[in-house]
Amino acid sequence: MPYQPVKFYQTGTFTVGNRLLAPDERSVQSSRMRSNSINSGHRACQGCGEALGARYAIDAAMAASDGQLIAVNATGCLEVFSTPYPESSWQVPWIHSLFGNAPAVATGVAAAMKVKGRQEVRVVAQGGDGGTTDIGFGCLSGMFERNDDVLYICYDNEAYMNTGVQRSSATPPAARTATTMPVGPEPGNVFGQGKNVPEIAMAHGIPYVATATVADLRDLEYKVRKAMSMHGARYIQIFVPCPLGFGTASHDTIRIARLARETGMFPVFEAEHGEVTGVLKIRHKVAVEEYLQPQKRFAHLFGKHPHPETVARLQAIADRNIRKYGLLEKESD
Amino acid sequence: MFQVRIHGRGGQGVVTATEMLSVAAFEEGRHAQAFPSFGSERTGAPVVAFCRIDDKEIRLREPIMEPDALIIQDPTLLHQIDVFAGLKTNGYVLINTHHSFEEIGLGDFARGHPPERLCTLAATALGLKHIGRPIPNMPLLAGFAALSGLIRLESVVKAINQKFSGKIAEGNVAAATEAYESVKKEMEERAHA
Amino acid sequence: MLKQTEGSKAVAEAIALCRPEVICAYPISPQTHIVEALGEMVKSGELTPCEFINVESEFAAMSVAIGSSAAGARSYTATASQGLLFMVEAVYNAAGLGLPIVMTVANRAIGAPINIWNDHSDSLSQRDSGWMQLFAETNQEAVDLHIQAFRLAEELSMPVMVCMDGFILTHAFERVDIPSQEQVDSYLPPFDPRQVLDPAEPVSIGAMVGPEAFMEVKYLAHAKQMQALGLIQQLASEFRTTFGRDSGGLVRTYRADDAETMVVAMGSVLGTIKDTVDEMRDEGHKIGVLGITSYRPFPQREVRAALQNCKRFVVLEKSLAVGMGGIAATDVRMAVTGSGLKGFTAIAGLGGRAIPKASLHRLFREVEQEDLAPVTFLDLDRDAVNKQLEREKQTRRSGPIAENILYDKGISSTAKFG
């Protein structure tokens, strides 16, 4: 691939991963030599968390594999906004087959590389939460169970955003989507049992499972790097707010992702062979209202006819996450 | 074309028996086609399998409805299904039992049939004796070779050695050989009687 | 080497000789023996280098094959019936992406009612998927067609299904000549993909295509199948040179020269038909046979040429277009449009119903006399059907149809003992 230095339009220190640090401490994103796997000019919405998350993750995977990477994509926003021929944004070999089969296609690519003795070539599969936790779940579990040499990345924006914000099994309770409207006595999405795919992945005993958010670039890159240092089935679920689906301002994507973590609504941790080995601690616990209120998908919980009891149930979920994963940094620490 | 139908129960090696019969015929340079009745039968359920033998290519794919020979691997089937359906006049019948045709209620049938085409053989006992399992299929196949003269014992032995190895092959060959000799003897005795 | 072996085993040996690099396996009768045998060959090291992957569904089987084929590996899988239907989305996708995957379909009926026996409903349901479909008449032909299929697929960069009758062929022991590795190697060169996922030369495969180019992409799939009409014949003739055997091609006729009545069919039933025709010929009937090997692409010109001198024909097919009649028959009739020929459709052998010579004798005589309905059903039990229709007239809650039919036919256990 010809070398194309990346132009930085961002300013400040946070946005490009502390590029004022010493070179070996810098993030992949801060490097003008990064692969820029998803080139600019794609058609994602302003403030798209998925576009950011995918670029962070794939750039990090490219860096870790020395550019020897093949990416598989499930149908979804990422696939649609990044590709229409002949304007593909992908700077890596990339294949999209179907909505529900990305893990299996990736298995096939990895098998081909193995049989051809090209084990230096690594395989990443990616999909949204719909393609991962719903329609692609069977193939995902099969890939995990066989421990195929694939890193699967789920960009979790908690609904089917591509088709116009319909509920997925990753949609949080009470959230408004096009199929869970804020009407009736219990507005928004139901309080189901949830579907914790990172834990289901852990139950397969695969070498590595992690969650991350687009708000924590260095943590995200560290997890991709760590995943890439291992072989076998690996799973990373990245929380990527969707301004359209969440009903948030496009400049708030990172803030919302950070709040999801700081409230405990999205626990950030990593696990090896089914055991949690690390969590990203919450320094100052934030109440769920702060996370919920800026999002129009939760607007019906506040305002003229508030549902404080629903907010309390959501707070209980966040508290349970904090307890379960030990997310809170203790004073004594 | 010579057509053989084998009736038995799941687990008795009915399908294997027709396959081995086809291999034995192939070893003698003939064309043969073996196929099962394609059920999803479990152990113990009635099973039927077929084998055609000819000197030219066999194209026919219908089930064998008018067999030239019947091998009944389990005599309890006589009360359950019409195993004799379509049997050609004077067709061969070999039944796995230590009883006579008369004793298993087939006296009338036997009397209307040429005796040199009928035989019983205690094949399960032979299986137990030589293989240690109540599998009657190879002794019956060898018995059928003796009864019909359609294939030679050595071809049955060849087929066994292709399919099995070691002790199982040895046991099957021993069972088949004893079965062959026992039927041969019985047929000779009957001819002289 | 000439040997007496099971159809599935023979096909597995043929596949192994084609040096597949990735095989995806999911069990479904009657295809299972093929992948079982291949699995053993890979495990023992007899077939290497090859990745054998036990997947969790047929959908995954085809999806893995899509990934491995796109990454440049020769890829194979096998399925049947419900399995083929379960992978349909990926079946179309493989064709749409132009990936030269070869798949055996051990033809079996589609439920409900669940039925494991042979007919052609599964493959024919995928007639428009973009896959080429070759039908084997014997196990020898199944072996030979697989070897040709890899060449056909890879030269056109389009997938091929080799269809063989479930149980009737897959589970039949008959003599098969398994070619040598040298023969197959000289016929089938290594896979040289037209598109490949490679970090050295990154491409995007499978991106969205809008109205501005979609028609052209689809037309090219059609154009490739039209090219295949020539290529299939060429491959069959090269096959004859290398292997000394006639196998494959588009269509094959039998005793058709002066035939006034022609019987058109696909697959193993052609054998029984030929035996019936021989007997009828001995009695002076002017009857012949047209076997279709290549169902997709459909050889319209060759079918027309084979039928143009007869007076009437019947398409005997193991599939049913519900609400219409025949599936293959529609294609055959299309091929002879304007010829003024009288065509009949006989639906036969659905769900493994035996197709005996005796029934064919009766049917072919009716065709000769042109004394039958345009669409007829061979050996259909009209009484059982009428009884059920009457029951539905009499009772609103008439119950499950399949159970009623079995009850009326005295087959169900409740009928016997209940």
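Order of writing sets the labels: A, B and C. Residues in every chain begin at 1.
The rule is simple: a contact is a pair of C-beta atoms (placed from the backbone, for glycine too) under 8 Å apart; a residue touches a chain by one contact, two chains touch by 3 or more.
Being a predicted model, the structure only gives us computed values, none of them experimental.
**Q** Can you tell me which chain is nearest the middle of the complex, judged by mean CA position?
**A** Checking distances from each chain centre to the full centroid gives C.
**Q** State the pair with the higher C-beta contact count; candidates are A-C and B-C.
**A** Looking at A-C and B-C side by side, A-C shows more C-beta contacts.
**Q** Could you give the separation in Å between the centres of chain A and chain B, each centre being the mean of its C-alpha atoms?
**A** Here the centre of chain B sits 66 Å away from the centre of chain A.
**Q** Indicate the whole-number Å distance between the mean C-alpha point of chain A and the mean C-alpha point of chain C.
**A** Computed from C-alpha means, the inter-chain centre distance equals 44 Å.
**Q** In angstrom, rounded to a whole number, how far apart do the mean CA points of chain B and chain C lie?
**A** Centre-to-centre distance between chain B and chain C: 34 Å.
**Q** Under the touch definition given earlier, write down the residues of chain B that touch chain C in their complex.
**A** 18-19, 22-23, 25-27, 31-36, 38, 40, 58-63, 65
**Q** Going by the contact rule at the top, pick out the chain C residues touching chain B in the complex.
**A** 3-4, 6, 29-30, 116-118, 138, 165, 167-168, 171-175, 268-272, 274-275, 352, 354-357
**Q** Could you list, by residue number, the parts of chain A that touch chain C in their complex?
**A** Residue positions touching the partner: 1, 67-70, 72, 79-80, 83-85, 88, 90-98, 100-101, 104-117, 121, 138-139, 141-142, 145-146, 148.
**Q** Please give the residue numbers of chain C that touch chain A in the complex, ascending.
**A** Going by the criterion above, the answer is residues 21-22, 24, 49-51, 53-57, 59-60, 63-73, 75, 89-90, 93, 97, 197-199, 201-210, 213.
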